[in-house]
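Here chain A shows up in two complexes: once beside chain B, once beside chain C.
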Partner chain A sequence: MTWGPFLLRRVVAFVPSLAALSVLVFGATELLPGDAVSAVAGPSATEAERAAVRERLGLDRDPVTRYLEWAGGALRGDLGTGYTGGRSVTELIADRLPNSLLLAGLALAVALPASVALGLLAGARAGRRADRAVSTGVLLVAGLPEFVLAALLLWLLAARTGLLPQVSLVPLGGTPLDAPEILVLPVLTLAVSGVAVGTRLVRSASAEVAASPWVEAARLRGITGPRLAARHVLPGALAPAAQALGLMTGALVGGAVVVETVFGYPGIGLELQQAVAHRDIPLVQGIALVLCAVTLATVLLADVAARALDPRRGSPR
Partner chain B sequence: MRRPSPDPRGSGGPGVLTWCCAAVCLLVLSVALLGPLLASGSPTEQVGPPLAAPGAGHPLGTDVLGRDVAARVLHGGWVVLVLAVGATTLATLLGAGGGLWLGLAAEHGGEWVMRAVDVLAVFPPLLLMLLLATGAPDSDAAVLVAVGLAATPFSLRVVRAATRRVAATGYVVTARARGDGWPAVVRHDVLPNVAGTVLADAGIRFVAAVHLTATAGFLGLGRGAPSANWGRMIRENLPGAPLNPLPVLVPAALLAAFAVAVNLLADRLAEHLADPDITRSGA
Partner chain C sequence: MEPLARRTLLRSGLLVAATAVAGPALLTGCGSGEESPARSDGKPRRGGTLRAAFTGAGAGETLNHFVGGTALDMVRARALHATLGDLDPSAPDGVRYGVLETIEVNGELSAYTLRLRRGLTFSDGSALTARDVLWSLRSPAEDPASLPVYKNPAATFDFAGARVENDHTLVLPTLAPVADGRLLLCQGNYLVVKENSDFSPEVATSGPFRLEEFVPGEGCALVRNEEFTHPELSDAPYLDGLELRSLPDSEARAAALTGGQVDFAHDLSPVTARTLGEDERFTLTSTSPPYVSGLFFRMNLAHEPFRDNRVRTAFKLAADREAMVESVFFGDATVGNDLLSPGFPDYADEIEQRPFDPDRARRLLREAGAEGMRVTLTTGPETPGMVEVATLYVENLVAVGVDATLEELPAGQLFADYPAYTRLPLAASFSVPTPALPLYQMSYGGQNPAALGWDRPDVDELVATARGTSGEESARAGLAAQRALWEEGNTIAPVFKPFTTAHVPGISGVAEDLFEQFPGFSRATLS
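Take a look at the complex of A and B:
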């Protein structure tokens, strides 16, 4: 299959997936008993006040109509207005999403080379001492929940020693890049948990390639060490590793919510956590939809990368 | 093809590390489950000044609201572990049921169900938890259901693949041909062959479930403020860590030790039952 049909098929599959996830997002927040009315009107509101709020928010109409309106608005780039503060959801997301993407991008820039190096080191000599050390170490770190890791790093590097700021205070009207020291701890936390996951995936892909006949052949020709790893194991291992890393974005999204909450970093994850706490349903739905789209897009990108990196591409199997 | 990836830690009986992990697991489990019986004081009553250092009556000092840290630690573990066990059970039941059905009976409809499962598997687990918590605030049940549902697609894929391999061996065709009903076939021919896979998978799901339920407490989801929860204790006391780090460090150490030990044990279990279908992708 050439690139054209491949890309077309993937992009076409993206649309129904996002539509299905949008139904899920809307349904989970709308149909469950936690009614937005009591969140907005307050616990002591009278029945008449509650009815007025319900009508103002348009909650007296049936869910299917409201879903279609919401989805239609989303297609036009209008995700409604948040309950608290009356801010436009789209503007808020446009304001915060770049900060989160910066955080995730920096974490990936640290984690990807480290995972490839460690995973290759372990996988190319599976079963040897280096593999045992890397695999056990990675398993230990992967066992730590992100918020525990973040809290420990915060306590060690910020609260005790004062080396780094505890809270990510972004200068008014600026971006996190204006105060780069606030990025260190959030990026470090995300990168460490990313390395733990990534190394394991690269290791298992490399171990599989290292046991293949063509690597055996290269070894018999006298190629060893880093040259064997970089020239003969790595090319075959990158494609499956890229695909597996794409599937890990769900964990990265969760990690971003946690890390932004710990450090008070002004990203979309912190906003989502606060919106859940305030039961600001339009904001929760809008952010969840954007995060679903980002996740699906990452999986798509990883598939494309896996195909581009696959050395067998184009040759008949 | 040759079996890839020889066991990195060598074969043989359980090593020292495995026994240490089992001991750590048992220790944390007993603190979490027996704690409420052993604790003398109330976990929600204010007993002293905020963030006091350890002293008489308060072996771990007090937290940010002046409550006894020791009592809160002893009361705060079981909710995390019970929710994780419940969620793992839910995911395993749904995953095994769905996987068996899809692996054996579903022919044409099955492909469509798998497409739907693939889409659900992309959904970030924490996002599902936050959404259900918005719909059903202050509810531990919502956390349990969200964690269980988030793990189900992965369980289902693993069990389905194992079931299809069993179905392809011919036992099932033979049993069906001699007139056995589906319930009998599942009980006698399929379940014994996939039980190991289901068990190893449940171990991996449990690791993820412990992470998620602890994170739920940390993010303030589930049953609300005064009740003790290891995850929430870390969140509440983080700003006071320079004054008294114990209310952060003790629950963090317990959670970290348990999560790491369970992760290593689940890894060994999966390796022991060596099954090529079990991926770590959901963990």
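Take a look at the complex of A and C:
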């Protein structure tokens, strides 16, 4: 299959996936305990006051109508208005998303080479001591919830030693890059989690390639060690690893919810957490939809990267 | 009763002015207390930027305090906008005026004349006039999104008939004769905003500080407003700048303090406060009654066993209040007596303290045929200490023979579905500082759903009498109402916890500008 039909197929698959996810997001927020009326009107509001709030928020209409209106707005880039402060949800997300993407990007920049190096090391020596050491190590780290990992790093690098700030306070009027030290702990937490996941994915792909006849042939020709890994195992493992790492990237953006909350980093994850706490339904819906779109987009990019690395991928066999 | 978080209280529209309380005297230092701000020449030191952390909203935050109910909203608004006045029982009118010089009321109690101090200006040098005061009081009443507390004046004053007699004089007719109009207007939360303000960062403000930078959800940087004239202190404000940061999590606020990222952290959890209290680098300050928050449980009278007053009394006697204070708050809390609002002048402290008497509780349950009754106490981490107190209380109930279990909901869910909350058999809640009798009218009497079935018109009448009269008659009715609540009410209020802040050494003058539980910085100094 040539690139044109390949890309068309992927993009066409992207649209219904996002539409299905938007239904899930809308449905899930409908199922949240309580309703926006309770959150906005306050618990002591009379029934008349609650009815007035319900009407003002448009919640007196049926869910299908509201979904269609919301989805139609989303198509035009209008995700509605947040209950808190009455600001545009699209603007709120535009304020916060770059911070989260920066965090995820930096984490990926650390995690990607580390995952490839460790994954290759383990995969090329599958079943041997190096593989067992790497696999056990990443398994241990992968088993740690992100908030535990964050707390450990915080204690070690900030509270105990004072090397880094404990809270990621962005200078007012500036960007996180104006105080790069505030990025270290959140990036490290995400990167360590990412390495744990990524290494296992690369290791799995590498081990499969390392057992292939052409790698065996290379070995018989006397090629071993880093040269074997870099020239014979890595090229074959790159395509499956790219797809797996695409999933990891999506997970990094999603994982920012926990990490941003722990470090008080002003990204989309912290915003989502606060929006849920305040029952700001339009904001919850908007952020969840954008996170879904980002994840789908990274998967799409990973598919494209995998195809570029191995043109046989995506072709009918 | 409903969850009386700050936001809720503002929504409910009853920040009651009826009781003037001694704000500045109510902060007590748990650590070394505030330090002397004086220089060697006796004058407070000028200069420095204080960095403080509060609970704020997310990126949806705006500068319009009429629609924002977080601690950060209130503290920022009082830094940016001058008040009409604050409650002060030691002052002749019961209030300490801000931009006002006096408030005069006519003999028929039908019109209030507000006279402004001369020479007041906004941060851009423009004059602050009576028109700005009228707009500040009137505009929130016309905006459906405004918090109800800011609509309260419209329920008392006839703004359509208001007259601006000159730049310094505003006459507000009342809708009906009112005796406590001064207290209503000078609660500390009615602030003067420039007429027709859109609350954009560029708009001129009247308070001790002016805005330099505002990042929604992250914080704001303020600098001293040189145009501001403090009604009592010619040199105030003393700080060059004030940086207010939004950190929703108590642990994050404490971490920012210990890491040197802020100088002042507001509203800390008991465990965090305990940890910081042991660190000599920081000074811990806790509020005292009445500025305390009640943690309480309410028995639903729709559930059969609780209709028997013997069962309700048994549930009250079963609570080991001292143990809760000691183990959850490490002693830094107040034992409750099943009545809300301790420390306020209308609180009935004549009523004897209810003892911890598990034997009598068992006996009463047996007499009522409720021995071994099953009940689930539902709670959630809505405020620090809430779940821990509920956990201990369930143990207390089990110890007297109740088959009690605890259901802990995730944060933010306890009150999210309020109709469902009002159906719980035994529900946890908390209150914020509000005088006892207005609080009763706001959230308990008149078949309020928050009262979980309490329906006593006779007690409602007593409370109305207490609020509508003065002197002996008022006191007698107030005591009788609270006696009835103590003996027959469905509320177990075992603990009142303080609002605890921590700061680095060298900060002073914050306690002198306290509004409810929120610190002010118009008199603050750094040494």
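Quick note on the criterion: the second predicted complex is superposed on the first by the 302 of 317 C-alpha atoms of A that agree within 3 Å, B and C clash if a C-alpha of one lies under 4 Å from a C-alpha of the other, contacts with A are read in each partner's own complex, and residues count from 1 in each chain.
The rule is simple: a contact is a pair of C-beta atoms (placed from the backbone, for glycine too) under 8 Å apart; a residue touches a chain by one contact, two chains touch by 3 or more.
In this text, all values refer to a predicted model and were calculated from it rather than measured experimentally.
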item: Clash or fit, chain B versus chain C on superposed chain A; value: clash
item: Partner chain in contact with A:R279 - chain B first, chain C second, else both or neither; value: both
item: When both partners are placed on the shared chain, which of chain B and chain C touches more of chain A; value: B
item: Touched partner set for A:T261, first chain B, second chain C, both or neither; value: both
item: Touched partner set for A:A229, first chain B, second chain C, both or neither; value: neither
item: Which of chain B and chain C A:R56 touches, first, second, both or neither; value: second
item: Partner chain(s) touched by A:A207 [first = chain B, second = chain C, both, neither]; value: first
item: Chain B versus chain C as contact partner of A:A20, first or second or both or neither; value: first
item: Single chain B stretch clashing with chain C - from 25-33, 61-69 or 205-213; value: 61-69
item: Common ground on chain A, meaning residues reached by chain C in one complex and by chain B in the other; value: 32-34, 154, 159, 261, 275-277, 279
item: Parts of chain B lying in touch with chain A, wherever the complex brings them together; value: 2-10, 17, 116, 119-128, 130-137, 142, 207, 210-211, 214-215, 218-221, 231, 234-235, 238, 241-242, 245, 248-249, 252, 255-256, 259-264, 267, 280-281, 283
item: Touching residues on chain C, where the partner in the complex is chain A; value: 2-3, 7-8, 11-12, 57-62, 64, 67-68, 144-145, 148, 213, 215-221, 243, 245, 247-249, 252, 255-256, 258-259, 261, 411-413, 415-418, 420-421, 442-443, 448, 450
item: Chain B contact footprint on chain A (complex, rising order); value: 17, 20-21, 24-25, 28-34, 122-123, 126-127, 131-132, 135-136, 139-140, 142-148, 151-152, 154-155, 159-160, 200-201, 204, 207-208, 210-212, 244, 247-251, 253-254, 257-258, 261-262, 272-273, 275-277, 279, 281, 284, 288, 291-292, 295-296, 299
item: Contact set on chain A toward chain C in their complex; value: 32-35, 38-39, 41-45, 52, 56, 82-87, 92, 95-96, 154, 158-159, 162, 165-167, 169-170, 172-173, 261, 263-264, 266, 270-271, 274-280, 283
